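Inspection log for the structure reproduced underneath, given as structure tokens.
A, B, C, D and E are the chain letters, set down in written order, and residue numbers restart from 1 in every chain.
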Amino acid sequence: MVIVFDGVSKQFPDGTRAVDGFSLTLPAHRTTVFVGSSGCGKTTLLRMINRMVDPTAGRVTIDGDDIAARNPVELRRGIGYVMQNSGLLPHYTVLENIATVPVLRGVRRAEAHGRARELMATVGLDASLARRYPSQLSGGQQQRVGVARGLAADPNILLMDEPFGAVDPLVRAELQQELLRLQREVDKTIVFVTHDIDEAFLLGDQVVILERGAQIAQVGTPSQIMENPASDFVASFIGADRGKRSLRLKQTPHGTAVVDAQGRTQGMLDDTATDSAPRDGTAP
Amino acid sequence: MSWIIDNLGLIGQLSLEHLRQSLLAIVVGFVVSIPLGYVAWRFTPLRGTVITVTGLLYTIPSLALLILLPTMFGYSALSDLNLIIVLTLYALAILVRSVVDGLDSVDASVRGASTAMGFSAVRRFFGVELPLAGPVILAGLRVTAVSTISLATVGILVGVTNLGYLFTNGLQRRIIPEVLAGILAVVVLALVVDLLLMWAGRLVMPWTRGAASRRTVSRATTVPVDVA
Amino acid sequence: MNLLVDAWLWLTDPAQWSGQFGIPTLLLQQLGYTAAAVGIAAAIAVPTGWAIGHTGRGRELAVALSGAARALPSFGLLILLILVLGVTRRPEAALITFVLLAIPSLLAGAYTGIEAIDRATIDAARAVGMTRWQVLWRVEIPLGLPLLIGGLRTATLQVVATVTIAAYVNLGGLGWPIIQGIPLRRFDQVLAGAILVAALALVLDAALALAQRASRPRGVRVLSRRPRRPLVSAAA
Amino acid sequence: SSGSPLDEGSGEVSTDTIVVGSQAYYSNEIIAEIYAQALENAGFTVDRQFNIGQRDAYIPALESGEVTLFPEYSGNLLQYFDPETTARTSDEVYAALPGALPEGLVVLDQSSATDQDSYTVTAAFADEYGLASIADLADVDVPLVLGGPAELAERPYGPEGLLSVYGIEVGFSPTGDTTFEDLEAGTVNLANIYTADPRIETAGLVVLEDPEGLFLASNVVPVVNADVADEVADVINQVSAALTPSGLVALNVQSTVDLMAPADIAAQWLADNGIS
Amino acid sequence: MVIVFDGVSKQFPDGTRAVDGFSLTLPAHRTTVFVGSSGCGKTTLLRMINRMVDPTAGRVTIDGDDIAARNPVELRRGIGYVMQNSGLLPHYTVLENIATVPVLRGVRRAEAHGRARELMATVGLDASLARRYPSQLSGGQQQRVGVARGLAADPNILLMDEPFGAVDPLVRAELQQELLRLQREVDKTIVFVTHDIDEAFLLGDQVVILERGAQIAQVGTPSQIMENPASDFVASFIGADRGKRSLRLKQTPHGTAVVDAQGRTQGMLDDTATDSAPRDGTAP
């Protein structure tokens, strides 16, 4: 499912040009992250993929088909969407929330609930929470329900709009790891929106740094961007100008520390590591 | 007080009649207020008009309305239909505003989420927006119920019999317990209906149990009339 | 339409503009009862409401009592009070009735006004070293004023429409043309009375709406546009 | 059926069901209840449409057939249809009624019981100024304030009638349902009170004579829809024959002093008078 | 102004034990950062310093004086407090907000406003904003007003409770830099609360990592903690277990990149830097 933006613009009725001539190809089975400051047009871009917003110029295609020709309600039922603050329906239980789209599509209730239970396991939710209402869950649990709901229709495309913006850093880190795992498992085309550059670098195969009006400041893999910021704006955005990305080595009694330009320790150099596979356990 | 004991049958009958008239008005008002409220909420230009017109109703003395409406529209002032029409109008004045406020109170992100999942507009209204507006509408409905039951007593002044009979009759006969019984019966009816509505709300909206959000309460405390 | 014309003729008849039952007299009576009742109710309900809002205590009781007060049928209460107090105390009976009518809205306006203030704001006021009284006078009351005036609006509207029944017990007011018109089946006069009451209510409401707008502290005005006013919270 | 004021009227003129109406006046309601029970005892189906306010409210209902039988007061009824009437005595009024009533309404036999408007003062006030007749009020040297229902201000026998017929000027106070208390309390010194009010007796009030015939004599008289007049005449005439002036006061006493319900009063009265 | 917590506990009336036997010395003229997950008791600890919360056991002393003996209102007027979401009074202008404490203390209005204008400059607020209301400011500007208000009474102690939690990452970085500058200038005892470990490491001279009930997991300088996490909890909290602190070097065409255990680039090794002074401009 390759998504292509082709000269897309969006001007809202009040005159705001949220997106101005945006063109980009989002490769299939990869995660593309849109990152940028508040109001730069990330959400608008995302919502053009499921026709929650229709472009005023240009077109969006999925696998070559112009989505403007698709029935919006049908289209949406085939695209998973995970919103900031989870966007759960407060009057539905966890199970009902996850099963919403299958039920809308006419899947039998019992069947849809059965599948919802499986998805709860997939996103790491305890089965005992099935009958709870969203207000009875913690923020992190709500986000997991949101992700499960996004997956319920088994869509090929998953849109995620700052899905972890509202949770605690510890929980957030956990959810990010969970998503990395899911990404490997479910193999979908994921479009992820955040304004946290570290999150973008962590999750994105392709990272798109946006300026106001959804102007592309730089596109590339995290390493490409960090190693070679395309402009002062990008450098400032990724923290390079504050010395955050400009690191030095420092010897300490416990090993070699990596410190930033201000002398703040960023981590420890792992001299023993020989490959790039993720490792767990504490730092050395 | 012996008057009350001797006339429990009468008080009971009048209470039933009173309840019948009030409940009819409350139910009809409720049913009508939902489309009206939806229209006012959905089409912003109409909002001011609908709310102003229903709000205006509030300022017309009920007694005058009870006399004038039958005269203008040529139906009998004596039938309890007359009273029920007037009570329904007053109920609308409160409820339309509540429905608008209730729909306003639905979190935009929830609305967006349901659209994104592929709810059609109609299904979204009945499946998401209306239930979520429920707590605010219920608060309005409870206020409506109490004030309708209390207001219905004026019907006696145009010949519609209900608990208001105990007031005028008690006054003519100088039987204080009779008037008192009328007031108590009205208050008890109102509070019982209020309580039943609260319970019904908990039953129909299980997700609101326990977690009574502050936001809902403060919205519910908004008065329906906004003439300005 | 005929009726409207007749009502207009009645209204513009010079005979209605002088004497014991002339419109000016009736208008003053209506305003007098409304002002007195709302004033007395405010004197009772506003400090009580502020106390409830400030301390957070007594809310349940206030809600319960307000609910009961709202259920009281004014017409029956007025009759009862006259029978109990006697005909020479009609004004007192009427005032008590109208005061009871006005209290719930005012009370709710006073305490919801304070309750609706962001807790963080009050917390901040304490944290910078304001005393309890300073918190009340400098933060809670000013920020709660719009909702309080909203409550005042509701109370005034309810009272001014209800004072109509004062005429039923010989206290005059704009209800007089209505109360007299009904047994005489003079609908022009009933309609004219209703128009006068509604017009007065609208004028008062508009004046209070302006006051409400003006009372909204300037910094807050930018945030919320729609003037709101509390009902008795039937909401538990 | 019980004597509750609740039962509904139908709307269309129906000869099967007699719709009995009453004013929102407890005494009138008792008479209506007597009519209703008497009819029921005689096998009629009866609907009660009680408490319909003032004459001006229920006459249209009678004319339309919404109500088919109503206990009325002859003088007031005549004056309603013919404000210029010169009839004053009980017989004159009764004789004038058929001509004044609109098509479709007829009166049955009138009873000897009267319940008419009067001008009444306290005994002390009457003593002080030697009052026996309305005309004597001319001698009173304090301002006269007349209490009565709101509509009295506009009635032919109201303040204007007093001025034109007796040359007496009075202020007016719309004392409504508390006219008696106001007279007692002294907020008014002249009161429009119905002559069947038992408190005239108990409180020792003085009903002023009316030599100029300001008030028309007003006997209790049944008004009935012409379609059903013949059917109910026997039963209702029997009631009218038995209802006496003191009997009417006694009924009112049972209601206001003994606190009896209208249905019980009616049933007892019918039994006492052997109509059942 | 050395602050000492001595066996302090706080049990709320509903039974929650927010703080359980907390003892710590906060050195004068230094910044101590409390960091921990949501609900671990950070705010409660902070508010015990200005008696917004009174401990149920133990005592808090400032320069050796037990604050339980101090009049709370007086005490608060002498301690600056910057709250999350700024906590500004919405019906006061910027100037009035900043001047609140001096005015409460009886300083003449004109004088207090004059000083408030100076403080606006100190925290980097344009003078033209003086007459605005908080609702007319951006989030970042509001935070600056909050900081200025905290400084207005020229307190020796400044309490800051997640002051930058609600703002955009770019603005947040700017405010953090501003605070680092202020810290050097005003030389106060600062107690700072955050749940962002990076922020804690950036700002803290002494960092206190807390677990539920305000249990101290580790105290130390940022380098001490990063180089030698005291427990698995700390390691996980600072991200060491996710490989975030376990870095390796990788040669790229643009220079030596520092990558984490998962191969994500964290920054570039700055071979030219010879000292730890902050540097500006873009990355090399």
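Following the convention adopted for this analysis, contacts are C-beta pairs under 8 Å (C-beta built on N, C-alpha and C of every residue); 3 or more make two chains touch, one makes a residue touch a chain.
Here the structure is a predicted model, which is why all the values come from computation and not from measurement.
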Interchain contact steps from chain A to chain D (minimum; 1 if touching): 2
Between chain A and chain B, the fewest steps along chains that touch one another: 1
Of B-C and C-E, whichever chain pair has more C-beta contact pairs: B-C
Most distant chain from chain A, judged by the mean position of its C-alpha atoms: D
Centre distance in Å when chain A and chain E are each reduced to the mean of their C-alpha atoms: 29
Inter-chain centre distance, chain A versus chain C - centres from mean C-alpha coordinates, in Å: 54
Separation of chain C from chain D, taking each centre as the mean of its C-alpha atoms, in whole Å: 40
Multi-partner residues of chain E (each touching 2 or more other chains): none
Chain B, residues touching no fewer than two other chains: 157-158, 168, 171, 174
Multi-partner residues of chain D (each touching 2 or more other chains): 53, 57, 178
Which chain pairs touch, all of them: A-B, A-E, B-C, B-D, C-D, C-E
Touching residues on chain E, where the partner in the complex is chain C: 50, 52, 73-78, 81, 83-85, 87-93, 100-101, 104-105, 133-136, 149
List of chain B residues in touch with chain D within their complex: 2-3, 6-7, 9-10, 13-14, 17, 76-79, 156-159, 161, 165, 168-169, 171-175
Contacting residues of chain E [partner chain A, same complex]: 37-38, 168-170, 173, 177, 195-197, 201-202, 222-223, 226-229, 232, 235-237, 239-249, 252-255, 257-270, 273, 276, 278-284
Chain B contact footprint on chain D (complex, rising order): 2, 4-6, 9, 11, 24-26, 29, 49-53, 57-58, 61, 64, 66, 177-178, 255-256, 259, 261
Touch list for chain B against partner chain C, complex: 56, 58-65, 67-68, 71-72, 94, 135, 138-140, 142-143, 146-147, 149-151, 153-154, 157-158, 163-164, 166-168, 170-171, 174, 176, 179-180, 182-183, 186-187, 190-191, 194, 198, 212, 216-218, 220-228
